[in-house]
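When the chains are written out, they are named A, B, C and D in that same order, and each has its own residue count from 1.
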Amino acid sequence: MIPVGIIGATGMVGQKYIHLLENHPYFEVRYVAASPKSAGKSYEEAVKGRWHLSQDIPAKVKSLTVEDANDVSKAKGKCSFVFSAVEMDKERTKELENSYAQEGISVVSNNSAHRFTEDVPMLVPEINHDHVSIISEQMKQRNWKGFICVKPNCSVQSYITPIYALEKAGFKVKRMIISTMQAVSGAGFNTVEDMDMQDNVIPFIGGEEEKSEYEPAKILGKIEDGKCVHDDSIKISAHCNRVPVIDGHTATISVEFGEKKPSKEEIIALWKDFKSVPQEMDLPFAPKQPIIYHDEDNRPQPRLDRDADKGMAVSLGRLRECPVFDYRFVGLSHNTIRGAAGGGILNAELLYKKGFLK
Amino acid sequence: MIPVGIIGATGMVGQKYIHLLENHPYFEVRYVAASPKSAGKSYEEAVKGRWHLSQDIPAKVKSLTVEDANDVSKAKGKCSFVFSAVEMDKERTKELENSYAQEGISVVSNNSAHRFTEDVPMLVPEINHDHVSIISEQMKQRNWKGFICVKPNCSVQSYITPIYALEKAGFKVKRMIISTMQAVSGAGFNTVEDMDMQDNVIPFIGGEEEKSEYEPAKILGKIEDGKCVHDDSIKISAHCNRVPVIDGHTATISVEFGEKKPSKEEIIALWKDFKSVPQEMDLPFAPKQPIIYHDEDNRPQPRLDRDADKGMAVSLGRLRECPVFDYRFVGLSHNTIRGAAGGGILNAELLYKKGFLK
Amino acid sequence: MIPVGIIGATGMVGQKYIHLLENHPYFEVRYVAASPKSAGKSYEEAVKGRWHLSQDIPAKVKSLTVEDANDVSKAKGKCSFVFSAVEMDKERTKELENSYAQEGISVVSNNSAHRFTEDVPMLVPEINHDHVSIISEQMKQRNWKGFICVKPNCSVQSYITPIYALEKAGFKVKRMIISTMQAVSGAGFNTVEDMDMQDNVIPFIGGEEEKSEYEPAKILGKIEDGKCVHDDSIKISAHCNRVPVIDGHTATISVEFGEKKPSKEEIIALWKDFKSVPQEMDLPFAPKQPIIYHDEDNRPQPRLDRDADKGMAVSLGRLRECPVFDYRFVGLSHNTIRGAAGGGILNAELLYKKGFLK
Amino acid sequence: MIPVGIIGATGMVGQKYIHLLENHPYFEVRYVAASPKSAGKSYEEAVKGRWHLSQDIPAKVKSLTVEDANDVSKAKGKCSFVFSAVEMDKERTKELENSYAQEGISVVSNNSAHRFTEDVPMLVPEINHDHVSIISEQMKQRNWKGFICVKPNCSVQSYITPIYALEKAGFKVKRMIISTMQAVSGAGFNTVEDMDMQDNVIPFIGGEEEKSEYEPAKILGKIEDGKCVHDDSIKISAHCNRVPVIDGHTATISVEFGEKKPSKEEIIALWKDFKSVPQEMDLPFAPKQPIIYHDEDNRPQPRLDRDADKGMAVSLGRLRECPVFDYRFVGLSHNTIRGAAGGGILNAELLYKKGFLK
């Protein structure tokens, strides 16, 4: 068992990590760190009255002492890498994650701070597992004993894998217009005000549209000369909205292909048959079927479909012709599992199996 | 005062008509009709335990006897025209509305049954007030003593007037991709199941996308030879979704212009300055400013903006460049006021002022 | 494996039965019946677009042909007993359940129709498992080959077991005032209108207060001379309210004891230690710990606690002195699991282990 | 017109004051103050993106400069009294309010800090308008040029006036058990976390039960020797819960009378006929009928009834016999209008008409 740590362990995503890692076959949580005001308390105490999951705090984690996440020295000897779920501003996050990597404690991060750092891979294991190859370059150039690896924004997960499945089969996508209906849990604690999300829609989430539009280019890019060269051949317009849903980001997507256009049947078949490296390697958090297509008109729905395959599959439905582009459909993925803690764990599993984490 | 009737008076839209017509300067409700099972009861009794508005039932309507809507003879002598808010299938609605018009009781309808009947105008008074000119043709050809006039679907109201304001100024729109987040009140009683709309999104509303895509062509069309010639120059793709909001349909809209493209400033100015015939005629239900543009990033929101100008204005926000088309923005309108009963009343006011209703 | 049937199989509780019985160690669903309009369809077809659970329909049930529940002959040879989850009026339900029992197909019912039939036991296995003894009398008197057994109303489950745990220890309860906050799923499909349950409370549920007040007397009663003699020593006042929660009925409870009053510590210890026959018999659906007591001030909460121990445990919290009675606390139980399908299955397990079902 | 100020003007209750005071016949907002971080900005700027009301910010207030509430000198000359809607801890609130009163700027407060200060009246004008008589004593003893007057907690408003109406008629209440279902707006900004209030109930609100139980004794008390002598003859037990409702606190109430018990008809008549000093004085914010009784089984409901009579009336329903006490019923009042800003304004109107504010 590999001892792992979680920095930002008391936050919403941190809690989800702790729950999902209970009984994990490779990793065991041995180190939890958060802001100075939680430091010194037992984990149970630190989240008292703020534990937001219906499952109990795992017994082994309850009694762990929460450390100050800023003090890397506390992590040494306790864990071989950390999941980063910190909720700080970009600059402080970068510094903090760098400090861990430098000291030999690799960082599998949920935070957006390093997503556009050239030598940091932004992984969706079903799509760009080969991007792990920049890690050795990253460590060498920076003279670090550990490394940093990130995952993309939660909003991207509802469409990036389905689009990749089509591109991989030779059907290049030219343009996409996306409108999201995102869950409140994506906001972390306190970011959305409670009254706002009763009987309401908020048609704005700071920074979310930019992430939804730019991140795919890096994910779909190629590694050349120790850097990730972006593939910005798809033009994306994303409208991001917050709706009164607890978990599960839904998106409506209109797609225009390049010269080669698939038939509706081809698309559905490509989605249903899509498998990739995580499935071949049988990674514990890999969904058996990464893309689930529903035939019913009124699916996917967040409440019914967000938990599909442990919350790690993308659920699609309503593929139909688009009067403006070629096709349109609805996508849904669980924002705090596939789009956050579960996605981070899958990244770590891939890195472990490829020998980057020991 | 013109005596008016409401058929479908006990349903959700019927109730809204009754509330909105209280103290109306032109019209007074004197006749209420519904399904046979309500017939014979006082209106108060008929809606007992089912009155869904926070305002009380107007005193004068409480004691009116509900008639069987199928029996046109009951309406004769009691009202000079009716608002139709019936919830029946298309064919029965057509027959019913025809029977009223034939008998000289004109019908201002919310129902979709007659929306694509060639000689029936589908009015948005700010846009196509001149379409009333087919009414005389309609009456002549059908040898009716009354006429039928309809209003478009509620989902259309969040974007049709803003688009028209730009087209009128010479900025022709070529293509639009729209994604709606529609309120549950649009479904009428019982159509959505209650559990479905807690912590959920339903990415499908039967027939709604077709209406959202086809109705603009008729609204923007021209009357020639007693028929409405559609203007289908705008290609529209609409994704229609139901979200946990009580009132107010929100839409995200990406727009591509033809050769002539306005600047962002021009668009906002055109919207803010937009006025039309209902404003000039000072119709009681006409919003002072049909289009309200918000500068804040996080507006419009249904809970804050649906009631703008008595629920009759369209609220817009977030106009910005679209990486795929030219511009994108967010639109919002009140689905049971502007999109239903209030819109019907505005149509009736226009028809009254133009001499069609007496 | 005992072949079982479900009548009312397509409704909300019927669906829950089908899900919960997947992989059950004693029972296998072989017969599904519903209203005539579903008869003849495969189960999958019959619930198309209306399957309300996030878990898939069990593969074996998908292809079962739905029979007309009114035709008992269809059940013969296919199942040895049925779970009744029909949603009909009382008289028709009684007749229907009687017809099955008469034909030798015993009925484990969720319906309220037979709850006050003198020779029908109303079981909460942790409390009155011995009431099964009236079954032989029931069969003999009625000359039936099968029997009927019922479970109490879902609202009762949040307080009846905790109260019984105290009474059993000699602390007789004299009076209770209860106020419930009940979930919308308790209403079955369509009973609550969707708009009503957004941003609202409905302070009335037809018949619910009577059930909450009267059923405990039968549950806590004794079997004498083949009849259940009620114990109406506890006076109960129940205020029943519907709130915007999907699953999980919460109740606030003020309790007045008789002469012997427990201390706060005694009460909590009695609750934490409470075990009964289902636990001793290790029945598959028996919660390990029927009563879970939370120390945090803000628990139990429906979203966090309804699923405790597979949704079969009662969660309590906030035990404190009551300025008016002796003590007060908060109770919560899952209304469609413990309070409906799960409770029915636990009853069947008890009956099976006691030799009544073969 | 009397110039008034609002301290805590940017918070949720502060915003409500500003909206409700627009076009007030006696008072005009001339001074707005908040925390130092808002000081110096225009009011419009200070609430940018945080204005939570559907009505626009009143034009006159938009451009007022927000002052630092801690600096009383800023208020001098600008307003003759302030409404206090500050959200600080008790001690700092007391000091702050004292400092204003000392300087001759009287304080009509929403805050709980001074509710149990002996010489500060806690007013519900329909009940204890005569408590204003301790004000002169307060000013004299403290040697202040102004005074402080408070209003009770929002949760009390759903039952205190109805109970008073019965007591005043000679039907003394002995014991009450109350269970509340309170709206999220009562929590102010950020106090409840958004995720908590989707599909959930929180059975705890810090300090709320104590307020609900103790405040009635002071409200119903008598002024003797310049102090408020409490009337603690009613024993109250309150269970306070937060539910997913935006505005409107609902409560279920069981009541036991002393020797003299009214009939159901008497109670309803007493409620319907209840009028008091604010009605007689025709104060602008006084509801015409302070208590509205609904005959329908399913009323009052927060969404339908909270706005009754401008949000200032209490709505009641379901009066019926209680199997444990004598009667039980449901009460509802608007927590941010009657229970907060509207209640404060009514207090100020009373004080103005009685000559305490100039």
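FYI, a contact is a pair of C-beta atoms (placed from the backbone, for glycine too) under 8 Å apart; a residue touches a chain by one contact, two chains touch by 3 or more.
This one's a predicted model, so the numbers in the text were calculated from it and none came from an experiment.
With respect to subunit A, maximal separation of chain centres occurs for D (centres as means of Cα atoms).
When the interfaces B-D and C-D are ranked by C-beta pairs in contact, the top one is C-D. If you average the CA atoms of subunit A and of subunit D, the two centres end up 46 Å from each other. Each chain gets a centre from the mean of its Cα atoms; for subunit B and subunit D, those two points are 40 Å apart. Rounded to whole angstrom, the centroid-to-centroid distance between subunit C and subunit D, based on C-alpha atoms, equals 42 Å. With touch defined as above, residues shared between interfaces to two or more other chains in subunit A number as follows: 52, 196, 198-199, 244-246, 297-298, 303-304. Put simply, subunit D touches subunit C in their complex at residues 175-177, 179, 181, 196, 198-204, 206, 213, 235-237, 239, 241, 243-246, 250, 252, 254, 297-304, 317-318, 322-325, 328, 330.
Taken in their complex, subunit A has these residues touching subunit D: 12, 52, 184-185, 187, 189-190, 192-199, 244-246. The part of subunit B that touches subunit D in the complex is made up of residues 48-49, 52-54, 198-199, 246, 296-298, 303-308.
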